[in-house]
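Read through the structures below before going on.
Okay, so chain A shows up in both of these, paired with chain B first and chain C after.
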Partner chain A sequence: MKRVLRGALIPALVFLLWEAGSRADLLPMDTLSRPSDIAVALAGGFVDGSILLATWQTVQAALSGFAIAAAAGILVGAILGLSPPIERTVGPSIEALRPIPAVALTPLTLLLFGFGLRMEAGVVAFACVWPILLVTVAAVRGIEPRLLEVAQILRLGFAARLRKIILPAALGRIVVGLRVALSISLIVAVTVEILMNPRGLGYGMIIASQSLKPDLMYAQLLWLGFLGWGLNAALTRAFGSWHGAFGPGVRP
Partner chain B sequence: MSVPPLLSLAGVSVSFGSPADGHEVLSEISFDVPDGEFLCIVGPSGCGKTTLVRLLAGLLAPSGGQILFQGRPLAGTSRDRAIVFQDYSKALLPWRTVAGNIALSLEACGIAEPERSERIGALLAKMRLEPAAARFPSQLSGGMQQRVQIARSLAQQPKLLLMDEPFGALDAITRQDLQDEIARLVAENRTTVVFITHDLEEAIYLGDRVIVLAAEPGRIAEMIEVGIPRPRDQLETREDRRFLEHRHRLFGLLQGH
Partner chain C sequence: MRRLARLSGPALFAAALLLLWQVLADRQFISQAFFPSPSRTLVELYRQIVEGDLWAPLEATAYRMFCGWALASLAGVVLGAAIGFSRTARDTLEPLLEFMRPLPASAVIPVAILFLGFSNAMTIAVIAFGAVWPVLLGSLHGFVSIEPQLADVAAALRLPRLQSFVKIAVPNALPDILAGARVSLAIALILAVVTEMQASQTGLGQNILLAQRSFRSPELYAGLVTLGVVGFAINQAIVLVERRLLRWRGTPA
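For the complex of A and B:
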């Protein structure tokens, strides 16, 4: 609790100075709204439900894209990590696709899916799949060969080997890729909304900005920051307890 | 009409690299292991001990010669042949408890509850691991971790137990404890063992028979019957006239040069 208070000290100070500065007419009101006005705008957005709806739309797109990327990235990554010949065949194509900026696919997904959830989730999935895929390949390759020999001696089939040896042994490192991908998912979802998809918090911010309501824009921006922090904390918590399965003091 | 040996090697060789300039690791290895024998193989480093145990496990195929297991050519791994590795910390699953690690073998053998739990309980008792059942390998001493690996190997009820320098990384006192323990377990279960070591005294102390390998390329230098009755004793056996004779005779062979 003491740590939380200590961490909140600087933001509280910034808001206080900001409020005081704008009340003393030291800050330009048309770009830097007052924190009190921002709080009112945020509360209003919650009361009329607009922020909640936009949040749901953004999070839904980010998480759908992330989930697709996680499933595809881990499965393909495990196969590539286990089979060097397949990796040598598929690897160059991956290296050719990977540098394409995900956001540049927005026009293509618009053609494919039209406006809405599917185009946004598609772009998010494309952006998120690479870190998960690459980390999974490296993690599976880095598995202690002794463990694979144990699996061989016990004659575990492919599915059992994947479930009982490979994934648990690699998961500690795969989680790193998942965390990177999760933060990317929110960034890309909001970017696609700001670019052209008329839904979610990104679109809400563009509209607020264009209709000269900086307080509402700031309200959504702050809320977005809080959302990203919450997502990351949830993931850390979920896998923090999983790390515990290794016993105290052991990190894979 | 004699009973065929459990394991039989005839002219087995292993080379790495191309046939022309390949490096020969094992050359013309031939020996039989009858059912129930405790065979120790001792040799200096670089004599292909580990390569030999990988051959017997089926993790490696020979370049020449033939290996028969139960009268049939040995091809690939089998749950009838268990292996205890020297590096116990790498061979155990760090995310599973002691009981969970033993369960892995039983899962692989398709043994379902409640029999699985019963057999885990029996093995924990046999290996004196009961107090550690719910702990993780990283929380155990080296000796305890090696006990877990031995328990996991016994769980698959192998016909042949392969041990690759299993006590090489342990301190002297723990090593003696585990030597007596494995001798007792093997006598109880009548398991056939091929035990690899670089410690001549350990080989004579544990084995019914000792094979000494020479290096470059790995080949059989000598084979002796130990002929000291069991149960053996860490003090008395090591002072036994026959023990000392074997030790004197084989010591020179391990000096290399």
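For the complex of A and C:
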């Protein structure tokens, strides 16, 4: 109980000072707005559905890109993990692509797809594919060799081997990569929207900022924070015990 | 000889891919407007290097990236140490940080623009905000996970607090801090690109954006290649630093 109170101390103080300062005209309203206005803007966004629509657009792009990355990453990762010669040959070419920041591809995807869902999902997929690919290669390589021998004896084709042996055996570790990729997907989707794609929460924030509606901007920022926090909490609950923000084993 | 054979496979594969691309582009099977042939990209890159067009944006991006990264590292280490050593600091700060951490760093760009305008300070602030987390988590983990035996040694030697901090806590935390700093540097590069695209500041990111707007695709690809090389180089550089600073650990873990 005491810990909860302490944790709420700083945010509560900030909000109080913020509200009081703006009521007393000590703070510039055009950049800082005030907490009560932000709450009103947030509620308004929910009532007229604009925030929900933007959220759906962002989530849709994030999930589409994530799905593409998961399919491609697991497939290619399984191939590379099963065959060291192929991995040795193709690996360096893949490594050469990896350091390119995904968001730098935004102009290229714009050129290819134009504005909209496809360009955003493309950038998200490029960003998400690396953790999935790397983890899959490692996971598949770590599969008990006897399982693969069984597959060989049963003369399973590649598809059957992937579905019946490799995926079940490696899934536990692949999920770790998927988890990382899922949190990346939301971040990249918002970034692409802030940069140029006219849809979703990121674009909503930029527009609110440029049309000098800071209350609406902070409302969306707050909502985005809740989304990210909720996604993180849900993922941790689904895939591992909750350790707080700082990971396992950190409790002084 | 075997080593040569092992190296030639990957090189041949990469060369074959590029050659295929070159042929397809030359024969107009794929549109040069979207996928210019590798030779045109290389010629553009060569032109930029020779005529010196590359250096100013490269320098601007690198400057922004390092400033933001340095700020993030400093704040991350200090905050990590504070939270690691003080229960009060941890209880007070954790909920706030837990809320802020999953926030996309790019989402603070509109806020930063309101306060700082389209300036270098704005880009550096955004970079620092986004890049602080890995260092913070690394330093926290490093400062908290001191082996009990080491702490006992410090107690037995009756080291004053400051000395035990410098001689035991810092060396113990250093590997984790450096690992975090490496991740942070990669994030800093990404955010440098994002912010300069958004805020129209000179830099590699803006170059790519301008190339796209005027449909100069070889320039766009040249920019991507440059960014890839920069990303690779800074990662290698920090690996080298890590090896030097952590020589006392013997074989790297």
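Going forward, the second predicted complex is superposed on the first by the 182 of 252 C-alpha atoms of A that agree within 3 Å, B and C clash if a C-alpha of one lies under 4 Å from a C-alpha of the other, contacts with A are read in each partner's own complex, and residues count from 1 in each chain.
Convention: a contact is a pair of C-beta atoms (placed from the backbone, for glycine too) under 8 Å apart; a residue touches a chain by one contact, two chains touch by 3 or more.
All of these numbers come straight from a predicted model, not from anything done at the bench.
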{"item": "Which superposed partner A:168 touches (first chain B, second chain C, both, neither)", "value": "first"}
{"item": "First, second, both or neither for A:231, with chain B first and chain C second", "value": "second"}
{"item": "Partner chain in contact with A:217 - chain B first, chain C second, else both or neither", "value": "second"}
{"item": "Chain B versus chain C as contact partner of A:24, first or second or both or neither", "value": "neither"}
{"item": "If touched residues of chain A are counted for chain B and for chain C, the larger one", "value": "C"}
{"item": "Partner chain in contact with A:152 - chain B first, chain C second, else both or neither", "value": "first"}
{"item": "Touched partner set for A:99, first chain B, second chain C, both or neither", "value": "second"}
{"item": "Which of chain B and chain C A:144 touches, first, second, both or neither", "value": "first"}
{"item": "Touching both chain C and chain B, counted on chain A across the two superposed complexes", "value": "245-247, 249-250, 252"}
{"item": "Chain A partner contacts - residues on chain C that touch it in the complex", "value": "6, 9-14, 17, 33-34, 83-88, 90-111, 113-115, 137, 140-141, 144-145, 186, 189-190, 193-194, 197-198, 204-205, 208-209, 211-213, 215, 217, 220, 223-224, 227-232, 235"}
{"item": "Residues of chain B touching chain A in the complex", "value": "57, 59, 77-79, 81-83, 85, 87, 90-91, 93-95, 104-105, 107-109, 135-139, 156"}
{"item": "Chain B-touching residues of chain A, taken from the complex the two chains share", "value": "144, 146-147, 149-150, 152-156, 160, 164-165, 168-169, 245-250, 252"}
{"item": "Touch list for chain A against partner chain C, complex", "value": "2-3, 6-11, 31, 85, 88-93, 96-97, 99-108, 110-112, 183, 186-187, 190-191, 194-196, 202, 205-206, 208-210, 214, 217-218, 221, 224-225, 228-229, 231-232, 244-247, 249-250, 252"}
